[in-house]
């Protein structure tokens, strides 16, 4: 597999294609690839999911620990999101301390989940002030063909939806062998990340890895149907090129429709 | 003693857990495969031969094999924190030693062949599932190989020698307790490429272990072969 | 690029199949074999590339497609990284310019170099980046492989810097099927899509974009072939795709 950088001529071709609304796989610029969802990736996880968007594949597992709460939130459980961009998934991932991409991905998934309030943290208290559940979301890309953030977020919410609480031993530690039938306390909204990518003056969604290499800048929005209302929860622009005000407004015009499409697809799969 | 002894999942003493295998599971990799023994699932990716950086690590007479084995955080009940452990570093090295005897990398000087092995779900026998997956992934990557490598963990529960222990059996503590004896062989030969042991076994009984290993490896080979031959099936 | 392209990629076509056609022995059915598998038994057989003799048997040294041509048995790779050979025509990307030439990434385990002397015309040391700049794509021929790496040359028809179009990658061992016997498959694609194509032995393919719809179809056809080399009637299926 190649880790050859994108060629100048290919970059120019992408500019031409995108500017006429075309892509190599014949999708529209705002069209997502085929999404597949599977579960029970690991029976040692409290919940787990496998997402495929096109050839991009990510697996996500949820584990739960009993810990002391944070001092400033003694009556709430905790969330922790972690990701490893394993060399497994792409010739460009290396061992060692994470590069920015490996740091940004779990943080963006974290913000989308956390700010959406989908996990009812106040219902994760076992002993107030002493023991609360920490929900740990671990993200592993298996094959990177672009748009890992959006894929990882789908995996995260899917895994959360399927997660069951572990039992608790007499010593107030998790009893993983005696998993309960109780689901995680979750609200009904489905938080997603929708990332918009830009090259030249063209904006597109869900790029393949090749299209991602041609990209100048992206912005990821965390969004969910919070209390039945469309709500943006988080945002991060990543890249040194700018977005214009009119581009941002266009994104806002499109994002609701895209969210509803994705939400509908996922409701069927989860 | 033999008749009274029952394995918890009903298997016979010399019976492997149901296996499954598939190649090409990671399109980006030059070669890839998954292999499972019952609830133990391993996935392997091979990238290479490719230029080795940093340059001072290059060997002008041969390519080198670099194996990285680890558990995914949620593959075990008690979440494993990301990052290599001593155990995973040791298993990485054992896997490298297990695979090298069938490879001749002199054709690829100054290069590295990276083998990534990850455990998605762990129920004992993870290093053996990993070696089986890695062996298929190397073949799938078109690396010149004399033969496949087949690996299995033979074990002992008190005084019974059994094949392919699961976690429950690994934790057995009565009588002589549990012994774990993972091995790997060059397929269809009598050459062992991996040998490790933890527990208690009289020297005279090691022969029994090897006989069971031979039989098990024949079965494992058939599973690996089938997966490779089905390379074009989606 | 001009029609001379055809020569560049045909020159590098699997020369062993040419030899086979001259000698005209009977080619037996191919089958997928795995490392260590017995392909055929008998003292008369001769192991060639990818195979070895073990006692009475000819055994495979790799995963691939075994092929018996008369007494000669070899195993053709169907997966795996690009293994460069002398005279291969490859498509690469300029990654650096030194005093003596251009460093080229040809997506291989070894680095490749185009010495300034191997350019098609005299290039002044001060104009090197005007001829080939970092990020430019070129079609070159491998004229030597040694300890230091791959040496490339542009001194042949059809070689040189690529203008316009785009490049993409397929698995290198699928390239012979994309080129086809005597270039028949690649000619079919060019004709039906009205585009220009160059296929490198290293799996990189260039397609011109003067006719962008044609270029998109041509790429799909190449990728389809690469994923389906085992299919019966592949040529007919490709024709259907390109209608």
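Letters A, B and C mark the chains in the order given here, with residues in each chain numbered from 1 onward.
In the analysis below, contacts are C-beta pairs under 8 Å (C-beta built on N, C-alpha and C of every residue); 3 or more make two chains touch, one makes a residue touch a chain.
What you see is a predicted model, and the numbers here were worked out from it, not measured in a lab.
Taking the mean Cα position of each chain as its centre, A sits at the greatest distance from chain C.
If you compare A-B with A-C, the chain pair joined by more contacting C-beta pairs is A-B. Chain geometry summary: the mean Cα position of chain B and that of chain C are 35 Å apart.
Centre-to-centre, using mean CA coordinates, chain A is 32 Å away from chain B. Averaged C-alpha coordinates put the centre of chain A at 39 Å from the centre of chain C. In chain B, the residues touching two or more other chains are 30, 50. Not a single residue in chain A touches at least two other chains. Looking at the complex, you find that chain C touches chain B at residues 32, 34-37, 50, 52, 61-64, 77-81, 109-111, 147, 173, 228, 230. Of all residues in chain B, only 25-30, 39, 41, 43, 45, 47, 50, 68, 72-79, 82, 114, 116, 118, 120-122 touch chain A in the complex they form. Chain B meets chain C in the complex at residues 30-31, 48-51, 60, 63, 102, 108-111, 139-148, 186-188, 224-225, 228-229, 231-232. Taken together, the chain A residues at the contact with chain C in this complex read 2, 4-5, 7-10, 12-14, 16-17, 20, 22, 24, 26, 210. Of all residues in chain A, those touching chain B in their complex are 1, 41-45, 48, 55, 57, 59, 61-63, 65, 82, 84, 86-91, 95, 136, 138, 140, 142-145, 176-177.
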